[in-house]
């Protein structure tokens, strides 16, 4: 799929850990693949929350003096991928509210709240004013409006949200973490020294040398208070359905979601694709980096050799200039190069994790052809993408999806591939084993009411 | 080996190609792995050379307006890795001289000239003054001192140089390219539209869609003039001996050096390591990115499954902060993470391309052990590094090399590995097939006189 | 006084003026002396408000593309001097609220609201949450809470504020401007083409070639709507008492406040100081830039020649390094130099506008002595500063004021001056002619209730 | 004249002074008015010279860590105004040469060498190559080519130069300073602690608290060696003729050149203008900052009151945007504002130091008229500028000078002034008292042969 889809965020928090801001910095660094546009950390010290945030990678936003100014043993952080419309500084997270009555509270959020418009309207009627368009601001207002202790208020606020989310809240020396009732967005906790860490993905724990972690269950609520973690739930949960795209593309291969390792899942998709595939081929290659695991799986199941057919340029930056139209057309060249020796004269199985618009896949097929591949058989380690996502993945309309507009044969023709196969949603679910999957973007089975977004589907 | 060794540079040039500076920009971008510290382009237009250069990646140094100011159909460019001592702005290449008598001349150079001190002394005696410590300045002065046409002068200058080098010279609407008589540093040419390109590595041609290229032979001299390329030699050449490290570590897998593809070479080293290796193991993993090809080769030859045992964080930047000593010790964690599912409870063959100081390898072994690997068998896809390099690789003393100070068994103990095996120099040469190799850093067979550097060895 | 005191802000707005953001940029540039820490512009287009703001000078925050993105014929802007505590990005103005119910509203504010803590508490109880500590956020919330049309709500909000302020509000295609009931902070309007401009100081109009302007009266309220300006008042006003420091130090000499030109006021203070001053002196000099007008006035009234006794270095930046303690002690040297020829061997009248801590004045006296001045008679063009200001000038405690701790004779001794004279508050009021002055920092006659700030005085 | 003319540089050096680089930083900061485009410092430590330089103000180029890296008790520095053509990094000074035979040598230079083309040709024939177009590179080559001790070689090199220059050379633990034989560019020395300082202007000494300094005489040569300063001359000198523009416009008023204080000189020009001026006027104003001294002199001599008629915006930066043509036309407004109260209804004497193109003066006259001035009598504190300068001031053609194309009456009409008077060259020389002046740009009496530049005059 290669740089066509974007996750919207990652969150990381520390509770009762010395120099919490620095540890959060490390955590965010490990979650950087979930968002490269902006980064922020809010640390609490004696009830006062200091926040630092800015555009750019975590390593660019924070330098030593900045980190040193963020005191305290509790901190929450956020990395963000921002779409054009929401790039305003007012939307960079965490978002903090200061109040002499309620104290400082900070919120960081990954996902999408589908009843956000409805909540915003209701809150405005009750007097809220919004300085940005971030869901976190809505959550802050909900927390403020409710009655009771901070924990009670955060829980009641959580119960008002519909959609996909993993949320961290910090205030009064406590930390709260909760996950949507469908378990769409991942969230895990881990013990660290005398405290805890909480993260969108477990890969951020491993950086600290922690390999034991627990998934926050769908609808689960974690209260970090008085030095301990108390687990509860804020609402009855449905059978968990993790966003399939987390496994397919977003998460790092070393992460574990709902007890299923991402690399293992991807290998399994490769194995399934290989099963019963009767194409005559010489080698299997994957589009780096996200499709390599599936390609290894395909290789193992088929017995065909795995090859490094494509090399990725590690220095591609956002400032890349493409002065001529010709160059723009062939922009993918700057990022991927075929290894001629690995594909020349061969019948190649090319594994890609998914197809969004199809333009990049088509260019890769042409690159391989140019490098001498005799036949190119494209195998997609997921089903046909047909529908938009309202749970935090930036597919906002059906029209942008080649799988919505074309049949598989038409797509094959467009890609100029010799053959093309996708997985079925059933096969995908099989690959996930014990973990339930949301496959709405493949088959329309959205697991929540869609509120105002349902219009998008009916168009 | 993972970020322990550094190549010193890469060069790229365009002759008779519209918007030569932009095309050179693309070329340098593909050579970025050869140097990330500084970047420069010198374009010639009507005999006038304009140069732009600065610290940082090519994409950061050049923006659209900068590129637009570099007019002309000829251009040469350079990417640089600079050691601490030579980071001065005066050393960023290309280096240009302006002269009303001889016109503008620009030089870009990759490698190391071993008789540089002797030449510098001689040139100073004849009146040269040096503003920096770059070899390119020496070459410029040699060109200026000689008699005859520019081509004659460049050729005579080339003949004075000893060592490892790939040099581009530009002036009078012409371009010249030459390579050392041992072929230590790679250099290739390719036809592009009505002109030519010349590059340290062929991967830069593929970005333009060119898969046909020719190696500049050892001692070869290319004159691009009057719209054509005229090949000659400036001195009798020895049997070519390409720097083994180019194949082992520096070059991109999709590059071809002396008709041998780098990926293929690396796979071959893996195969050789597997042959006769009687260790009982479950999986083969490679240290990303440079050791993956060798690991695939080992897997193919041994029949053991290839696995993604280590994941690399793609967002590691130079500004990374490591506030605690503990973190610094475990700095490798920020860059590499083990995939627990791939290694837990298993006996693992871990392929690395080479070992310099050993500190990183030791940390990786520990990471794998922490992630549950039962046994770790380290296989190095090259011989034991024992001696410094005077040909452009930044090993300047024997002392920094663990292979100089310890026996293989001592190294194994230091790495905390269950077993350890290296290749022999003979095996390495075998892997290179028809291409000759310089293996001086392994066995001391330096292919040139070492001049003042010979002292380093005798200490 | 020279860089010891700081004004807190300046505001500028455009109504019904093509390319309002660019014109606001010019206006802010002319108000830059009122705040150099941050700058922001909020432009309205079809009910939508876009805001751009950042740290730094107006010329650094806004470049052509940024300005071009701020469409619309209405805009308000702000320049800010931020104290250490409030330097957070969340406090940079204008502050904008987005609401589907009430539309977008932006607020920019200069001054200090003394009942801000009380209002904040009340608003929080009604459900407001604050993301920063800026008074503008309080004003936004007040506007939102009230009932009626936007104009009615802004007026009711204005009536709740106590203190010193000049406020601009923008929304629904309208602009509102109002000033505190004591007229402490200046605010003026001017016709420009088919629209209007409103500014903290009239110097910003002159940049546009407008020399006719009207003061917004104390308690006055301006409604810019339907292409016209409708003047009213939001509360009964007291006799106007402009902050004396505006005339003495902050405002530009070409500005007119309450029909009194600043330069003329300052000259008058010089004249008054000269009257009855029987010291024997040779020349009069002023500390640049703010004391030059008073020095000219003294020279005219006394008949003593005006001289350029001190030269200011125009390139002093905030990044200035002072490596040694000795240098730090003499930091004033980097900024001011005596003109030896103008003062050597002479008895010098040195005019300064005011004395805060006294450290800078003492250094200047030493500089002049060093340059050979025989006698130095310091004349301060204002009374002794004794008390803190709660109306927007950054004197927050009595203790920091040398005039609070010492008698005039003690100050003279500290300054090492041969004689020292201040003005009396009565003389200052006389200099202001028809304009009333707030002289609270000199004589304690605060013109508002001080709410929670009254504690500061009683300590 | 206001930002129309530019000096080309300033130099500052320290000999035998602890932390010489930091002290040089202070010195350059005081010379910043002589060049704001680039700044550099070269410090020597044990024979090794380290240079740091970059674009921008001294305070921006050097931060604490940079300064700390420049060790040693000797240092030379440079501030530069660079014309469009020469903005290349290769031209930023000081320029350093490294040589194993001759050691490191650094050169910094202010002025213009008129036989530079001839010298460059000669040096190229002898084998020199030039990486930039700076005169300093020529001087470095001359030094290298000569025979003898470093002092002898520097002296011989100095003797080859024709034109206007103040040059600092550093190497072998010594410092050398010399000035052209006509004394066109200023240069002074001063004792500081156990060492010496040398500077283009004496204002840089005063920052250190030093008021005693000595002019380096025309043709003078200073050798700082073995802890002492030895004065000599490198060639017979002519009667000194300091560039008149140094006194009129470039130098700071607190500087002393050839024993004449700049402020005093300027006051004298004002006095001379007043003598016999029979115009009926109410006030005298000066264009800030350079014409204020002359205005004070005119005021004293005429008895007319001196007024602050124009205020300068201190925050004008180079990034100022002028989006509309109308704004561009009125660009001067952003920088200068009239003080209406000071000029309204009055007959005004407006003193300006000189007129180059006349466009700015015309705009200022219009501003004053707009602000209500009844009559505007322009008095220029220098003669009519008619000819180009080849000695370091950026007037390169006659055509750009309004004084070359028009008579005084025509200029008056163009300026829309009620009357206009210039000084005569004789009057100017009279104002300089004992100091001789170069008045070539007024009357064509160039004090050197012009070599290739003589063509410019004959066109």
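Just so it is clear, A, B, C and D label the chains in written order, and each chain counts residues from 1 on its own.
What we mean here is this: contacts are C-beta pairs under 8 Å (C-beta built on N, C-alpha and C of every residue); 3 or more make two chains touch, one makes a residue touch a chain.
Molecules present, by chain and UniProt name: A, B, C, D = Amidophosphoribosyltransferase.
Small disclaimer: the values here were computed from a predicted structure and weren't measured.
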Between subunit A and subunit D, which partner chains are common? B, C
If you tally C-beta contacts across C-D and across B-D, the winner is C-D
So, what's the distance in Å between the C-alpha centres of subunit D and subunit C? 36
Rounded to the nearest whole Å, what is the centre-to-centre distance of subunit B and subunit D, using the mean of the C-alpha atoms as each centre? 49
Let me know each pair of chains that touch one another. A-B, A-C, B-D, C-D
Inside the complex, what are the residues of subunit A that reach subunit C? 51, 53, 89-90, 95-102, 117, 120-121, 124-133, 140-141, 144-145
Could you please specify the touching residues of subunit A with respect to subunit B in the complex? 19, 22, 25-26, 29-30, 32-33, 36, 57-60, 62-64, 67, 203, 206-209, 211, 252-254, 256, 261, 263-264, 289, 292-293, 296, 299-300, 305-308, 311, 313-317, 319-321, 323-324, 327, 330, 333-334, 337-342, 370-372
